[in-house]
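In order of appearance the chains are A, B, C, D and E, and numbering begins at 1 in each one.
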């Protein structure tokens, strides 16, 4: 098992390499560079040109790439052109936020999605089922950010249940104070994101349950005298959960891209928001690292999916 | 002979009652201030703040706003940005110029200290020059203006490691820094002139940090030393800062106990204000105004002030030659003709746009110098909407209306049944590189195109779309005759101006930011005159500005579009708040008159 | 054979809700199973064998079916028993073995957990003895190395082993009655033989009653004590095994025996039963259902009265009267017409 | 259950729709709306209607001066904008859905049918493409494409959109390809192409329909996200995204809801209608199979 | 009678892949070194337990399975390459009937489309002629012509199997491989289909390779029988020889396992079966290689009767 994981990790290296080249070239293909936004009478284009030269932006792309890659291999992802901070530090600040938010969203998403799928499957064809199907299709069809805005207005400002931006209150103190404040800040974006993202899990669970409950082993369990509730929990649900378990890795990486919108609107400084601003400001070091990072996350996500799958489904054992 | 900075600064009494447009500049709160109190200051921003506290390295406008409670100006200024000497004025130092020796002597006031209790020294005045000029620190703030200080350019080019023009008359730990200039400049007495720096940096605290690490060191990012009335006690990166009183501040004792500064995105700003989340909300945009105005009965007062801002239309008449660092007006284009440019200018409905899209917060610019510079500001009427005049100008220029003329899109004029204008068989077709970025960007661009069509000019958008800021920056700044920079005829620009009104940086023959590349001997002469030694006489300078202004009106080498009013909602419990540029000790003076924000 | 009745089913009927009407799937099925007796239920697909078994297990969805009649096991009336009480019967009093051993096992649970689950729901075997009991059971069903096998997952076992596990599940609580619904159809002949031997062994050892559902006449001939032949949701013939094979009465039974390409007969052409069982909707049980498929005989004759089971010889029951007149035309006139639909 | 009904897809469809009144009404409404949008958008909205800014007409309330839905911040009639924007967005949604599904289904079928090495290679490529930062690539492409319009947007988005379709199709085809009718076709001398697209394709139609409808529903709001990030359609192409995006301005969201609510409701209605119709279509598709 | 098809040293090995790199770690020897030939107009039975490689041989003969090694010679040409088969229009002559009638008929196609598929591909008939031919074929298999435009699900299992037969005989093939054509059918229907196949085989002079694990059926249908186990032949010979004079222990075991219809001798049968089983277990090592596969060489018992006897293999080793 561990050997396989290691092998998979090794396999990731060429992929990451290819990804990094693509990402780098893309960043270069975008019009302008981080310095072209510095247009103010107080700045001197000659000085900007000088800095551009110093930053090596006038070198051929592959030289820039090799330099960047070489540094990256040493854990040095460069300094953000815009934020003037080492990329690794900015990421360090932001990743934590995003990961916590994603984690919370995932948990809520799974609870709600599974619950919806169960309700729909148990009431197949009835109004509950139809309603949930419509709900899930609509949340899939309607751009989420409009709803995010509404959520902020209603729960943030009108009802004032939740803070409307940031990750933590400046006044929060003490371990629990800060923790509570962080959670308080996360609830609104997490719940909204989760409620709008249930469609995949809902569909998996619903069809999963419908498929599993007619399986022969369920009949066997009944014949053993196992009660319906136990059958549902221990047999049907567990088996119906398999595909979602396999999907967990992807869900997390999917959330990261969803975070681009949510974080921007909720004013939650995570890497999603960083991504948007880095694009707008052509902050290459930031952007390339971010994308590389999300690429790695995606790869880890798929590896994780496989491991989870192998772990929960004895029929698939990676070895 | 030495002359101290002008003392004629505007009277405080006057500025208190001053009005800009319909707004008061200051808010007079008649109630009695309470002891201490917490104040929340919001700043509207799309992005989190960066958090660079070392001002030679900081370029972020958000940073300077969210750090303002911890900031004390090196030199006090009056409402017209003229430097004011005297400890009572609120600065950390005085500056004396010696015209004959071409020097300036900066003298720190007694007892000025960093927030760690260490005295601010001459070395701390010198240190920012090193940082800005040293390549390793990668500051973007180096400009040619600084080369006017003896030896600084050599230092910048790594020829020396001492700046010969900066000396310490009473030693590094003393209070004085002597600056040796190559030339005297009329702008010396204006703050923001760029010929010398107006910042300090805590050398004793940072001396062990190498230049290349300065930008990212925690001593400049999360654990800074400050000299202002408040010091940061807790920083949530990018989001908020909590300030408490800086006991080592040398000015008047701050009235508030603490200040919290937070950023808020534009989409949420109004709602936050409705929820009384902020006492002061800065960084407002015009589109928020109608909603915020409704809050004047819900606890807020809106103050306003002229902004250091002007927006323009550029006409592309040439290119920038990078080798020679000079603009060349050599492009073959209808907009070479001043009549065409004037006609295009008179066709604009700027007043209407400002009234509607900008909610009356922008005013049509009658020149390029905004009204804050009371003495130098443009006079006259600029280019008000006058379609008849525009049509006449085009007729004179030889462009005749033709009903059947086809535009670039192969279609006839759908906005005016008179058709497009034609000369020598060619339609007057122009490309407009309009910038994206604001909610109003698109209607404004379309509105302009619409107006131009009314006078028979076929204008289409560059690449059929609005151009984002970075792409725009790339195109307008490219030098030489590249295909890209030759493919547009008209573009928009907007400047946040320095508090020194010189126009050299914007329009001189050598200015890289002269995006239209318009040059003429007359313009060069006018611009030089404004910054000549003679112009150290304010009266002379006033006339020089007027002459430049007349030339602009005649040639329309650019079309001034708008000036702007900055407006700030302030909760009615706040005392002593003002937008007066001459207030140097705002944060120390701020107080509140109740525990909770008012909602009436 | 012992005469103690383990199951006494009388007039069991099942109706399914199809569309918006209830259609009768089985009707008037009466069957007695004694201790130590193997009763085989044969008949072609759709004749209602599984429906009957499922009815005994109370596994029909109450919202979509109606079960009538009476079935008494161990003094308890099964029909109409509440779900709660049924849970105490299933797996404890009656064990069931299904056809497809892979599908019958939960793919995500280890063998021992699945067997233990069967024990835990009824507290017959104390928790601390269950592990030992699992090993004992696996040994009983002839699995070598039970300690290892117990820790495996179903997909890691061969078909024969899986079927043994399923049997182990069914007998975990030593039920009085074992219902095996086509337990060997998915298996090879060699393994089939082993499994059948196993079922017989266990049945003998535990003195349980067995209902063996199959459509393989060979299996019946080798295993059963009593045979019930089902057709169209009814038992058409019921007799001790020797009697049935040596002296079949009902036309369907006789046709079936003839259609079998057995090793012993050497005819070139097999006997063909024309047509197929009518769909539930078209089934008219007031007439002889099978005789419609015998076109050389006058069907109207047997449609007048509802066919009932008659005892034609001791313990030999046959439904209706048509058997009395039934003959195979080949035997009569040796005509060799091939039969098509 | 076998019946006497004709099993043609058309017949099954008819039956499903006549049985399911909601689906029937949805279908009629959908057709009416689509026709209305396409005819209205093409013939009744002229270029000046959405190109020319009329500042005096800004933010007119609904039902004033002949604007039933009022006007927006540029003085455009919201109803006309809805017609033309709806047409453009629906065009984009349909085009993207068709292109991505065409590519995705083709590749999915090829992978699932051939299996083995071909499958392995293509799937590794697909794996890699899934980790590519699609949003960024789309954004980069929209900034560097010289003539950016609805068609280029469709192509750019389609360039990646197909990836998600491949997997489910492939999985189904893998099982389908193992069924004996495929072997029978092979021994009947049919070419691989014929087997893939004439034999297997009709058998995965319900899966395809399910995917198509979900995609269509998702793609209607597709360009809104890009608009939000500032990379939406160019000026000359009004869309539901640009209309909806006005809601990001708090003043408009709360103070001038008529500007954006019609587009939001429009999307909502279309999505719901598509779902109701799709369910019936899918049932019809499923019905022809088996038993 | 002349030889129609000959199989020489046929080997079909499936790689077992494992690990992430899908490396081939082992092989399934599905068919291992099998020789036999099929004569014109004769029927052959292939019997063996599940997984013994019967289907694999069948599929290899019709060209559905690429072969690992060996030759399949038809009309003097090795038809193991798809190109040769295509050139010869091999499948016009060699057809297959599948076990699962449900899955072998495309549920989305009409009977006409299904039966006409080989005709369209091999015979250049126009629409009308094709229709005529399909009608003829339906007639042959005893289905009314009106069924032409119906779909597979509207038929019973037996009828469906006959449709499959109609398709297989549509191009007048010389050889039909029938892979367990009746094992999914009820006894009553099975008789129908078997009779029918026999009739066609006689009338059209087609050779049959009849694959089944039901010895009763095989005995009824075929003249020659091959007994297979784990990819190799245990015994091959005329039907009566195999049944009356089995040589191989595995054949004996198989025969003993068949439940007898003779109720009067059931104790006897069971005893016999247990005896054979015990004998099999005890002498297994003589008859099988240590790997569990049969001994590779067949020994001539009579000119048409061969069996993998231990003596043959000990001799073989010496030779």
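One rule holds for everything that comes next: contacts are C-beta pairs under 8 Å (C-beta built on N, C-alpha and C of every residue); 3 or more make two chains touch, one makes a residue touch a chain.
Just so you know, these numbers come straight off a predicted model, no measurement behind them.
Participant: From the centre of subunit D, which other chain's Cα mean sits the farthest off?
Facilitator: Centroid comparison gives C as the farthest chain from subunit D.
Participant: Taking the mean of each chain's Cα atoms, which chain ends up nearest the overall Cα mean?
Facilitator: A
Participant: Look at all chain centres (mean of CA atoms) and spot the one farthest from the centre of subunit B.
Facilitator: Comparing chain centres, C lies farthest from subunit B.
Participant: Quick one: subunit A and subunit C, Cα centre-to-centre, how many Å?
Facilitator: Subunit A and subunit C have C-alpha centres separated by 55 Å.
Participant: Can you give the whole-Å distance between the Cα centres of subunit A and subunit B?
Facilitator: 39
Participant: Centroid from C-alpha atoms only, then distance subunit B to subunit D, rounded to Å. What do you get?
Facilitator: Taking the average C-alpha coordinate of subunit B and of subunit D, the gap between them is 47 Å.
Participant: So which stretches of subunit D touch two or more other chains?
Facilitator: Where subunit D meets two or more other chains at a single residue, that happens at 143, 230, 248, 250, 254.
Participant: Would you please write down the residue numbers of subunit A that are in contact with two or more other chains?
Facilitator: Counting only residues that touch two or more other chains, subunit A contributes 30-31, 149, 153, 280.
Participant: In the complex, go through subunit C and note every residue touching subunit E.
Facilitator: Result: residues 44-45, 159, 187-193, 196-197, 215-219, 221-223, 241-242, 244-246, 255-257, 259-264, 268-273, 276, 338-341 of subunit C touch subunit E.
Participant: Which residues of subunit B touch subunit A in their complex?
Facilitator: 46-48, 50, 52, 57, 59, 135, 138, 140-144, 194, 215-216, 221, 234, 236-242, 260, 262-265, 267-268, 271-272, 274-275, 277, 325, 468-471, 473-475, 477, 495-498, 505-506, 512-513
Participant: Quick check: in the complex, which residue numbers of subunit D touch subunit E?
Facilitator: Touch residues, subunit D against subunit E: 2, 7, 120, 179-181, 183-190, 199, 202-203, 205, 288-291.
Participant: Sort out for me which residues of subunit D touch subunit A in the complex.
Facilitator: It is residues 127-128, 130-133, 135-137, 139-140, 143-144, 214, 217-218, 220-221, 224-225, 228-230, 241, 244, 247-248, 250, 253-254, 264, 267-268, 270-272, 275, 279 of subunit D that touch subunit A.
Participant: Of all residues in subunit E, which touch subunit D in the complex?
Facilitator: 22, 59, 62-64, 89, 91-92, 94-96, 98-100, 102-109, 117-118, 121-122, 150-151, 153-154, 164, 167
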